[in-house]
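Both complexes shown next keep chain A, but they swap its partner, so chain B is in the first and chain C is in the second.
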Partner chain A sequence: MSGSDPVLTVEGLSVAFTAGGSRTRPVEEVSFAVGRGDRFGIVGESGSGKSLTLLAIAGLVDHPGHVAADTLRLEDADLLSISRSRRRAVLGTRMSMILQDPLASLSPVWSVGEQIAETLRRHTRMPRSAAREETIELLAQVGIPDPRRRADSFPHQLSGGMRQRVAIAIAMSCAPIVLLADEPTTALDVSIQAQILDLLVEVCESRGMALVMVTHDLAALSRAAVGVGVMYAGRIVESGSLDRIRTAPAHPYTQALLLSAPHLAPARARSRLHTIPGAPPSPDKRPAGCPFHPRCPYVMDVCRTVRPPLVPIGDGVSAACHLVPAVFAGGGS
Partner chain B sequence: MSDLLRVEDLVVRFPAPGGRTVHAVSGVSFAVERGETLAIVGESGSGKSTTARAVLRLIEPTTGRITFDGVEVGAQRGKALRRLRLRMQMVFQDPYSSLDPQFTVGRSVAEPLVVHRLGRDRAEARRRVDELLDLVGLDPAIASRYPRTLSGGQRQRVAIARAVALNPDLIICDEPVSALDVSIQAQILNLLMDLQARLGLSYVVITHDLAVVSEISDRVIVMYLGHIVESGPRAQVLGSPLHPYTAALLAAAQPPDPGGAASRSDRVVMRGDPASPLDPPSGCVFRTRCPRAADVCTNPPPAFSDGDGHTAWCFFPMSQDAPGDVAGRGA
Partner chain C sequence: MATTRMSPGFEARSLGVLRAGPSRFVARRIASIVLTLFFVLTFTFLLTFSIPTDPARAVVGPKGTAEQVATVRENLGLDDPLPAQYARYMGRALTGDLGYSYSQRRAVSDLIAERLPYTALLALGALVVQVGLGVSVGVLAASRAGGAFDRSALAAALLVISLPGFWVGLVLLYLLAYRLPVFPLGGNDFPLGLVLPSLALGIAGAAWYSRITREAIVDILNTDMVRALRAKGMPPRTILLKHSLRAAAGPVITMLAIDFGFLLGGAVVIETVFSWPGLGLTAYQAMQRNDVPLLMGCVIVGSLFVLVLNTVADVARAFLDPRVRL
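Showing the complex of A and B:
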C-alpha cells in the first residue's frame, strides 16, 4: 500500500493455538505491508485477532501459540528464521511496542528516567551520563514538562497520559523503524487520547518511523492512521486508505460497522441506530465460508461455503467479499 | 413541577490522607423531566459518577438537596428509602462485575423481585422473568445460563432486565456501552430508547463518549472537576458549544476532517492534564488548561446564556470574541 519499499512485510500470517486436542486459529492469513513513515491502523472488535496479530509480529506469542507466515520481514531481516536472542535485539532497536496500559508495562520500582536510560544502555552501550542526558531529551520530545525533574518520578506519580508519554519515550529511545501500538489510548480520557495520538503522529513524522496501531476505536483510528486494515474473525476483510474506506466502504462488514457506530450528529433528531444483527463469532466457533455471512444482509449461497480471498478492487483498496469485485467491476467509481 | 428528579446545589467532599479534602462535586444543580434522557458528560475526576451515586444515596451528600417526585431523598429512612430506591435503578458499565457469576440469569433477574417481595409465588416470578428477558430482546431460554457463557451485549441486556424488573421511573446508566464492541453498542442504545418509549422511563446517562450523548440524549450537562461548566439541549451543546471545555472535548472526539467544513479556528486544544480535585483551581476550574483563560478567570465564572436553556459558566464563551490580548492570558 506504500509507494516506497516496505519496511515491514507481513504475508499469510496465522496464529494457532492447540489445547486439549482442539485447534483454533484466532489469526488467519493476514497480509499487509508498511513503508517508511506509513501509519497503518488495524481496526476490529474483540476476538477479531487484531492484538494477537501485533504480538505475532513482535515475536511475543509463546507456547502453546504457534505463528506461521509466508513472509514476516523487517527491512532485510527475516523475523521467522532469526534466533530468539537476535529477535530480542530487533524488538529493542528496530521495532518497538507500546501497550494499552503503561502502568502494566512500566516497572513500579524504578524511576521513569532509569527505565529509559536502561533501555538506551542495554541496546546502545551508551555511558551512564550520556544515557541520562539522552533520557531528558527524549522526555522533552514527548512533551513532558520539566523533564529533568520528571525523570526522577515513579510511574505511580504520573497521570495516565504522562505515563503513556513515558512509554512512547522508551519505545522511541533506540530510534526504531517500526512502532507497534496496541490500543495506545483506550485507557485514557478523551482529551488526553487526542494529545497522545497527535504525539504519535508527530514522532512518526519527525523520525520517519512507521506506525502499526491496533484499535477498536474508529475515532482514534481516524486521528492517527493513513492506511487501514479492517479485521473480522481473524482475517483482514478490507484494507486500503482510511479516507477512501471511511467515505466508500466496500465490504458489507465495514459498511455496517461505520453505519452502526454512534455518531456525533447534533443536528439530527434522536432516532434508532443502524445495527448489525448478532455478535462476532468466537475464534473456536467461526462459520464456514465467509465468516461474516451469518450477519451479512447480502449473503449469497457461495458465501456459506467458499471463503472469499482478499483481492484488489481498485483505488488501492482490497476486499474479501464474493459480491464486492462484481459490483466494483461493473460500477467503476 | 413536572420534574421527576431535582438536584439542588449538591456538594460531595471526601476526606483524603494528610487531612486533605477531595472536592468531588461542588455545587451541582439540575433537573430531569419525566420521560427525558439527561446525559452527564465528563472525564475521569469530573464528579459525574459521584453525582449519580449521591442521587441514589449510595453515598451521602455533604450538602445539597435531592428531590425525587416531590420527595426529599435525604430525609428518607428505612422502609421509605427502600421504597424510593425501587423507583430508581442503575445500570453499570461492566456487566461482568454487576452480575453475580454464581447466579443463573433467571436468578439474577428474579432477585430484585424477591428482595422487594414483588413475586407472589415461584411460578409468577418465573413468568415475570420470562417477560423481562423477552422485553430486552433475549430468548427466555437463556434464564438457565450463567453470565460467563453470555456475550458482553447479552450480559448488558440481562443487567437492563434486572433494572426494569421493578418498574422504576428513573434509570441511571453509568457508561452503559463503553465496555461493548462497536457493533453491539448500537443494539444496546436502541434497546434503551425502545424501553423508554414503551415504559415511559427517564434516564440519566453518564458517559465520556460524545457520540453516545449525541445518539440518545435530550439534554446534556458537561462537568469538569466537580462543576457543571455547560448545560442545555443536546443540539445546542454539541452543535454550538459555549464553554471552551465543551469545544475542546468536541474537537478531541472528532477526527480532523480532511475535506470537512468544520472551521479550524474553532478548534480548541486542551493543554496538559486536568488539575487535581484535591486542589482545584480558584475561580473557573478549567482555567489551567483553557486556551482562552485570562486573569479575570481566577474569579467565579458568570453564567452566559444564549437562550433555550443553553448556559455556560464562562467569562469568554465561544460565541463571543476571545480575550483580545492572547499574550496576556493568565493561569
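Showing the complex of A and C:
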C-alpha cells in the first residue's frame, strides 16, 4: 500500500447479530487501511462476511446487527462515534457506495438524472438547473452516450452496464475520498464486467478516490485492485499487495483460492483446476482455533485450538496461519 | 405503434409515460367499457324476469283492477316476445333512456342525473378518508415498524375492519350529531353533512389501506434501493416520502381500482343511514318499492361509474410508476 497517511482506517472491526439469545459474529476483528487513491480489494467466498464489512464501514448495518471496532476512521472523522446527521453528511460526500445490483439499487420511479441530481442538491445546495447540468456532465464522464437525453431515462430503460455506470455517477457525484463497491460487477454480463471495472479504476485515478471493492471474483479483483485482503469465515486471513500475494500466497486458504482460478495461479500449478474440499463454516458454527483448519491440507494440532493472529510476514504481507511465520522465518528472510 | 419511448424533460416526465401508447390504451379501454356495459345491461334485463314481481301491477298499484293491469301490460309491451323486449330495451338504453320510475313518476335518467352528483361527492369524501387517513397511518406505521404506533395502528385497523359500516355510521351520528351536535343528523348539508357519511363509508377502507401501505413500504425499506439512498446520504424523510411511498403507490392504487365497486355497495347502506340523497339511497328505495326500472338504472350507472374510475386509477398508476405501460 502507499506510504501516505491512510484515508480510511479499519481496526478490529466486528459485526455481531443477537437473535433469540444466540449471538453470531459474521465479521470478526477485521483490520486494514487504505491510503489516498489506493485500490483495495476484499476477496472471499459467499458468507465470508466481506459485504457486511463494507456495510459496517458505511454505517448501514441495522438493528439487530451491532458494529464494534477499535478504530473506524475516515481521515479525521471517527465513524464510530459520529452522529446520524453527521454520517448522512459524510455519506455521499466523503464516502460513497456502489451496490451489487444496479437495478435493485436505483429507484424505479425516478429518472436516473433526478437520482444523480438529488444527491448533488442534497450535499451541495446546488440550484436545480446547475445540478442538472452537472448531472449531464457526470453521465458523460461515466461513458453514457447522449447524456442529455439519457438523464431522463428510467432505470428499467437502461442496460445493466448503463445502470451500473449511473450508480457510479451517483457515487462520484460529490467527489468522495473513498468509494466502497460491493460486488459491483457480479450482476452484470461478463462482457460488460471488464468495462465497468476499468471505469471504476479510471474515475478513482482521475479523481484521487480510494476504492474498497468487495468481490468473490478473482478476475475482477486483479483487474481493479492493487492491495488485497483475503477474507475467510469473517476474518482477514492474508493481506498485502495483489502482485505479491498472487505470486507467493502464504496462507493455505489463499493458495487454494488461487488454484481454483487457474489464470491467476502461478504457472507451475496450472495443470488442473482445483477445488477446495468442504464448505466455509456458517457464522454460528465456526470451529475453534483457526477457522480454516477443517479444510486445511497442512493442519497441525495447534490449529484446532489456538486462533492464529494476523502477523506481518515481510514484503508488506500479513497472514494469519500458524505454519506461515515458521516457514517464512525458516526461509531466513 | 412505435416501440421506442423517450420521455421529454424532467418537468414533462409523467406525461412522457402517457405518451407511451395513449391511443391504443384509450381504444382498448373504450372497447372494454362498452363490452362490460353490454353485459351489465343484458344481465340486468334478464334479472328483471327472475324477480317475482309484475311491473304492471307495480305501476297500477295494489288497488288496481285486472283490466287496468292488462292495459298497462299492453302499453309497456310486456306481452311481447323476450327478444323484442330485449331489443327495445337495449335500443332505449343506448340513447340514454333508462325507462320510467313507477314509484317516483319520473324518467329514471332524470332522477339519476339529479342523484349521481351526491354519490360522487360521498365517494370522493370516502376516498379522501380511505387514502388520506389510510396512507398517512400506513406511512407513519412503516417508518417505525414494530414500534408502539405500528402496533396500535394494527390493533385499531383490525377493530375497524371488523365493524359493520352502518353501525359505525349510527355510532358517529349518536356521538357527533346527537350527543355533541357538531354535524347535522342527516341530509345533504354541504360541507358539514358530508363529513360523517364519508367517515363511515371510508373508515374500513382506511384501515385496509393503512395495512397495505405499511406492508408495501416496509418491503421497500428492506431493499437495496433504500440502502443505496442511505449510502448517498439522503435523509429518512426523503427516503420515506419521495422514494418509498412513490414506489409503494402501485399496490395501493391497484387496490383502489378494485375498491370502487365496494365503495358503491357501501354507499347504499351509508346513504340510507344518513339520508344522503345519492344513488345508493335511490337504489335502496327502488328495491323497497319494487321499482325495477329505477333499480336497473342505478345498477347500470353504478357500473359505468366503477368502470370510469378504474380507468382513472390505471392512468394514475402510470403517472406514478414509469414501469407501468398503458
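As a working rule, the second predicted complex is superposed on the first by the 319 of 333 C-alpha atoms of A that agree within 3 Å, B and C clash if a C-alpha of one lies under 4 Å from a C-alpha of the other, contacts with A are read in each partner's own complex, and residues count from 1 in each chain.
Keep this in mind: contacts are C-beta pairs under 8 Å (C-beta built on N, C-alpha and C of every residue); 3 or more make two chains touch, one makes a residue touch a chain.
Quantities reported herein were computed from a predicted structural model and do not represent experimental measurements.
Trainee: Could you look at A:189 and tell me whether it touches chain B, chain C, both or neither (first, second, both, neither)?
Mentor: After superposing on A, A:189 lies in contact with chain B but is clear of chain C.
Trainee: By the touch definition at the top of the document, which applies to A:231: first (chain B), second (chain C), both, or neither?
Mentor: In the superposition, A:231 touches no partner, neither chain B nor chain C.
Trainee: First (chain B), second (chain C), both or neither: which does A:122 touch?
Mentor: A:122: touches chain C, not chain B.
Trainee: Please indicate which partner A:319 is in contact with in the superposed arrangement: first for chain B, second for chain C, both, or neither.
Mentor: neither
Trainee: Between chain B and chain C, whom does A:153 touch in the aligned arrangement: first, second, both, or neither?
Mentor: Second partner only.
Trainee: Using the touch definition from the top, say if A:276 reaches chain B (first), chain C (second), both or neither.
Mentor: After superposition on chain A, A:276 lies in contact with chain B alone.
Trainee: Now for A:166: first (chain B), second (chain C), both, or neither, which partner does it touch?
Mentor: A:166 sits against neither chain B nor chain C.
Trainee: Would you check which partner chain A:243 touches, where first means chain B only, second means chain C only, and both and neither mean what they say?
Mentor: After superposition on chain A, A:243 lies in contact with chain B alone.
Trainee: On chain A, what residues does chain B touch that chain C touches as well?
Mentor: Common to the two interfaces on chain A: nothing.
Trainee: Touching chain A in the complex: which residues of chain C?
Mentor: Contact set of chain C toward chain A: 5-10, 13, 16, 223-225, 227-235, 238, 242-243, 246-247, 320-323.
Trainee: In the complex of these two chains, what residues of chain A are touching chain B?
Mentor: 45-46, 145, 159, 161-162, 189-195, 216, 218-219, 222-223, 243, 256-257, 260-267, 270, 272-276, 279-280
Trainee: Under the touch definition given earlier, write down the residues of chain A that touch chain C in their complex.
Mentor: 55, 58, 60, 87-93, 96-97, 99-101, 104-111, 113-114, 118-119, 122-123, 132, 149, 151-154, 156-157, 167, 170-171, 180
Trainee: Would you pull the chain B residues touching chain A in the complex into a rising list?
Mentor: By the definition above, chain B touches chain A via 43-44, 151-154, 177, 181-187, 189-190, 193-194, 208-212, 214-218, 234-239, 248-256, 258, 269-270, 272-274.
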